[in-house]
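Input: structures, listed below.
Okay, so chain A shows up in both of these, paired with chain B first and chain C after.
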Partner chain A sequence: MLWTLAWRNVWRNRRRSVLTLATILLAVVLGLLMRSMQYGQYGAMIDSTVARTGHIQVHGEGYWDNKSIDRSISAAAATLSEIRGAAGVTDVVPRFESFALISFGDRTKPSGVIGTDPEVEDRYTALANRVVEGRYLESGERGVMLLRSLADYLGAGVGDEVVLLGGGYRGQTAADLLTVTAIFEYTMMDGMETGLAYVPLDAARELYATPPDQVTSLAVMLDDGDSIDPTATVLAGLLGDEYEVMTWRETSKEVVQQIQADSVGGIFMLAILYTVAGFGLLGTVLMSTMERRREFGVMNAVGLRKSRLAAVLFVETVLLVSVGVLLGLLLSVPIIMWFHANPIPISGELVEVFEQFNIPPYMPFAIDPGIFAAQGLVVLVMALIVASFPIVSIRRLHIMRAITGR
Partner chain B sequence: MPCLLACLLAVGSGLRAQEVDARGIVRRANELARGLNSQTTASMTIERPDWSREMTMKSWSLGTDYYMILITAPARDKGQVFLKRENDMWNWVPRVQRSVKIPPSMMNQSWMGSDLTNNDLVRIDSLVIDYTQEIIGAETIEGYETYQIELIPLPEAPVVWGKVVLWIAKEDYFMLRAEYYDEDGELINRQSASDVKMMDDREIPTRMVMEDAKKPGHRTVMVTETANFSYEVEASFFSQQQMRNVR
Partner chain C sequence: MLWHMAWRNVWRNRVRSLVIATAIAFGLVGGVFSYAFMMGLVNQAVRNAVRTELGSFQVHNPEYPADRDLRFMVDDTAALLTELRGLPGVVGASARIVGTAMLSSAEGTAAVRIAGVDAARDGDISNLAEELIEGQYLNPDERIPILISREMADDLEVKLKSRVVASVVSPSGEIVYGAFRVVGIFKTVDSLFDKSSVFVTREDLAELTGFADNTASEIIVRVEPRDAGDAVAARVVAAHPELLIRTWRDLSPQLQLAADFGSIFGLVFLAIILTALGFGIVNTMLMVVMERTREIGMLMALGMARARVFWMLLYETAFLSMVGGVAGLALSFVLLGYLGRTGINMQAWAEGFSAIGYDSMIYPETTVAFYFQVAGMVLVTAFLASIYPARRALKLLPAEAIRSDT
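The block that comes next holds the complex of A and B.
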């Protein structure tokens, strides 16, 4: 009875109700598309970060605060298989990172040096795609890949032998002569004062005079990005005090902050969107309450209690909003699903930027049910607030004045 | 004549006299510690909480501008040479048969993994020329009466320290103790000298310890084993060519 009455009331002023519905529907669709795009973008950023750092990183205790190779750890087969054996772990990427002076002829430049397993590195960071000259590293060879700007500064080309010189393990001298196999580009390093060089893992260990299985970090890849914290706890327990176990959120704080800042911007936009939609809805509701004052007076006079009257009005608003939200969801879900399956390709110069960051050049749409739930909930809360206005006005209704219109 | 000039200056201003005095003390102590025109052999031990490493070296110097160090042990580093000419530094590495010029940006990096920096080797007279010196007290250390001298870097000086405090023996000019502070006034390195012995024609402290004040157990010990202060050496000896040939 209540619902039928409310439903009929909604459709008494068809044009106004349709307009209100359209406002809510548009707000929901726009809000959902925006959030889905944002979350999709965050997902891509996280994927590219995690490809570099792993979901979890294992170092020697104290390494992260003071990146000395004296805090490097032994990644013997036993340790590796122990980590691989933990639930959810799909792969472990060992790296040995340090610094060296790289010298060719009479030119010298300080540079970061990353020792890595070329094959495994390429699997996650697509390093081979960055090679612009020469050929990608092969594991076990005594070769080095130089960043374009570093090679240009040194005047070294593919096939030249460059000197790497620096501090080795436990006060030893790190010095080696390695052949340049390739030159690579990395936009992220543009404008940096120091260079960057990749060498095969064993060449790095030989250069820095470390024991055979030494690494500075182990990047642990998981099959599920949601189980990072429990797995990190398990690994910390497994490995003991001599190791530190950090999640990508701790090792890539800047990415987390970037996402948070952007997300706050998105939430602000949503707040504006929903405020506008909310006032539209409020306008409709107030108008219909004013127009129907006489009707309310009569209904009250013939015996419909005020509380019942208020309930009818409340249900009217909730019905209107629910239909709007429902239609909005029905409309956006297929759109989002479509774009999730067929992301919008990015064209032009941006493509290169995306590729340099190891992010596929597409606008991905996330289909996280949380996004839908959050949007629905926000609109519903807004509807409840708006719906409470006519209740107040019913309570204040004076039968005689309402009927006579005075 | 120089004395007369100094005396006149001293009469002119008491404060000025003290400044000249403090700088003179630091200069003498520095010359004594670093040894000008010298040929020495020394050992250096890098001590860390869980490991330590000893190396031996032979060095030649001429004035404050020329300096050469040859590493003689252990085997992996043997034959490495560091050459300092004026403000430049080169490193000859026999393993790769190349010499590399150390770029300015690396001057504050650790030398050979020790608690000394490249700058400690290159700017030998840094304590004299890069700072203002002022006597701030007197203390007795290990039986030696010392001046306590505070050094504040000159505005344009290429140094990392915010303040250095030295304890220099009044009679013998031994730099018995030094403390290096950063720009926030925090103690970073603590240096001390001991084991005064007769070396060639003079007595000098033969054992120098550089300690990292913030990391317990991190220190470097330098022991002078032999020294020859009447060694005749030409500036031309300190060349990149010579780096490959010194024994």
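The block that comes next holds the complex of A and C.
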């Protein structure tokens, strides 16, 4: 009875209700699209970060603050299988990272050197797809893959032998001659001062004269991004004090902070948008209360208690907003699903912004149900607040004055 | 007379008018704030980058930028510098030798961009001296001084007075080694710059690498005001077709993009807010028309032309919007005036901002023109929002309207 009455009241002034609905719809749709886009982008940023760092990283104690290869650790098969055996761990990517001067002929350039297991590396960073010339590294070979700009500078091509020279393990000299197997491109590295070279893990150990099995970092991949902290605790207990176990949130603090700052900005904008929509709703509600004073007076006079009257009004507002939220969801969900399946490709200058954040140039939309729930909830809470206003004016209603319109 | 009526009409239903005016004021404060925040963020980043790293434009040998190879230099710099310094608007021009190097200490190695600067004149184009947090700026009287960043000092575990060794590729392609002593430690807001830049004196770097006198790798020019930089750069391009001239926009496309998109983004957000407000205004005015059906009918019956009724309602909408608009802009002005002085501290995300070259202390910025622009947008919104309600008023038939009971 209460609901029927409220529902009918909503549609008594169709034009006004439709306009109010439009305001709510606009707020909900914009809010959903914006949050979905933001979350999609955060997801892409996190994915590309985790692909490089792993969900969890293991290094020698103190390595993170001072990345010296003297703080590298031994990753014997036993250690690796111990880590792999921990609950939730799907894979471990061992890497040996350092610097070297790379020379060919009379040209030399300082360069980062990453020793990695080619097969495992490709699984996460899709490194093989970056190869533009030659063939991708094979584990165990004495080959090197050069960044395009580095190879161009050196004038070295596939098949040439280049010299790597640097500081080795515990004060030894690192020097080796490796054959270029491939040249790869990495747009994010363009314009950087240094080059970048990938070598198979064993070749890196040989170059830097380390004991076998030595690595500077182990990137641990988990099957589920939500169980990072407990797994990190387990690993830290498993490995002991000589190792430091860090989550990607610690090793890529700037990414976490960029996401937080951007998210706060988004929430701030939505708060403004919703408040504006809320005022629009308040205007409507106040109007309809004032306009219907006489009607309320009559209803009160014929025996409808004020509390029931207030309840009808409250339900009216909530119904109206619920319809708005539902329509908003109905309208947004297909759009978001569509763009989730077909991310908008970014072209032109904006590509550089995406590269700055090291994410592929697509505008992904997230379909996290949490986003929908949160937006719907926020709008409903706003509606509840607005809906309480007329209750005050009902309580103040004076039957005689209301009926006579004075 | 019409204006007068409209203005009084606004205040006939005080609560309703205040609700919608508050919504407009609130929405505008939010929109203007967001815009000013974005502008402040972006302008600061541009100012910092131009002032510390890039200058207004840079002069290179066209072959140089690909590899920062010391072989490719700008000749006869003395004459060129005199010419550049004589151009209108130019407040400083300084020649540098810039190459790539590996910097090592006992504790670590880093790949860097090493710049040999004219200690007496480099202050004209870069405020690096103000970014020092420890020690002194380069002084040619001291032996082999070097400036490094806080981050670099931590990575290499060195302090003031520590010795570091730079291995640089000389113009002839050999690797030469030189020892330097840390005399100053700087920290800018751009962590990429900090991670990759070190500064020594031109004399020391020229001696180490055998770099010829009266030549340079790059000349950085600073123009005031900043906007005049492009025009000056264009003149140099015309006078010296043999040289590569690049403005800060060319040197940092990301920054230029941020500068271009920042303001558009702010305006789009304002437009969204105004759309939401527009719905609210339409709703309010529609109520006004329905409420005054009888009165409007009476006015028309008394001989008021329809056009005048239309204008009266339009004025009323405009007044209503301007009450909110003026309040909103005044509030924004006060708020932004205050925040422009104190700044907004986003220290919690400092590393995230710093990773992409932004300061975490943000001073919102606006221009007077922007306030007028917003006022214009509000008026346009009011005009558009009044059309539908006013048209409904025009459709009223006086005879029927007078008899209606509301």
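List of remarks:
One rule holds in what follows: the second predicted complex is superposed on the first by the 363 of 406 C-alpha atoms of A that agree within 3 Å, B and C clash if a C-alpha of one lies under 4 Å from a C-alpha of the other, contacts with A are read in each partner's own complex, and residues count from 1 in each chain.
The rule is simple: a contact is a pair of C-beta atoms (placed from the backbone, for glycine too) under 8 Å apart; a residue touches a chain by one contact, two chains touch by 3 or more.
All values derive from a computational prediction rather than experimental measurement.
In the three-chain model built by superposing on chain A, chain B clashes with chain C. When the shared chain is aligned, chain B and chain C each come close enough to touch A:D106. When the shared chain is aligned, chain C comes close enough to touch A:R16, but chain B does not. When the two structures are aligned on the shared chain, A:T173 is found in touch with chain B, with no touch to chain C.
Shared-chain residue A:A128: touches no atom of chain B or chain C. When both complexes are overlaid on chain A, the residue A:V163 reaches chain B alone and has no touch with chain C.
Judged by the number of chain A residues each one touches, C leads among chain B and chain C.
In the superposition on chain A, contact is made by A:T284 with chain C only, not with chain B. Stretch 147-155 is the one among 57-65, 147-155, 165-173 or 237-245 where chain B clashes with chain C after the superposition on chain A.
Residues common to the contacts of chain A with chain B and with chain C across the two structures: 101, 103, 106, 108-110, 167, 193. Those residues of chain A whose C-beta lies close enough to touch chain C in the complex are 15-16, 19-20, 22-23, 26-27, 30, 65-68, 98-99, 101, 103, 106-112, 149, 152-153, 166-167, 192-194, 253-261, 268-269, 271-273, 275-277, 279-280, 282-284, 286-287, 290-291, 349-350, 352-353, 356-357.
Against chain A, the residues of chain C that register as touching in their complex are 13, 15-16, 19-20, 22-23, 26-27, 30-31, 34, 66-69, 100-102, 104, 107-113, 154-155, 157, 167, 169, 172-175, 191, 196, 253-254, 257-258, 261, 269, 272-273, 275-277, 279-280, 282-284, 286-287, 291, 346, 348-356, 406.
Of all residues in chain B, only 46, 48, 51, 53, 76-77, 80, 91, 93, 95-98, 100-103, 105-106, 109-110, 112-114 touch chain A in the complex they form. Note for the complex: chain A touches chain B at residues 70, 101, 103, 106, 108-110, 163, 165, 167-168, 170-173, 175-177, 193, 209.
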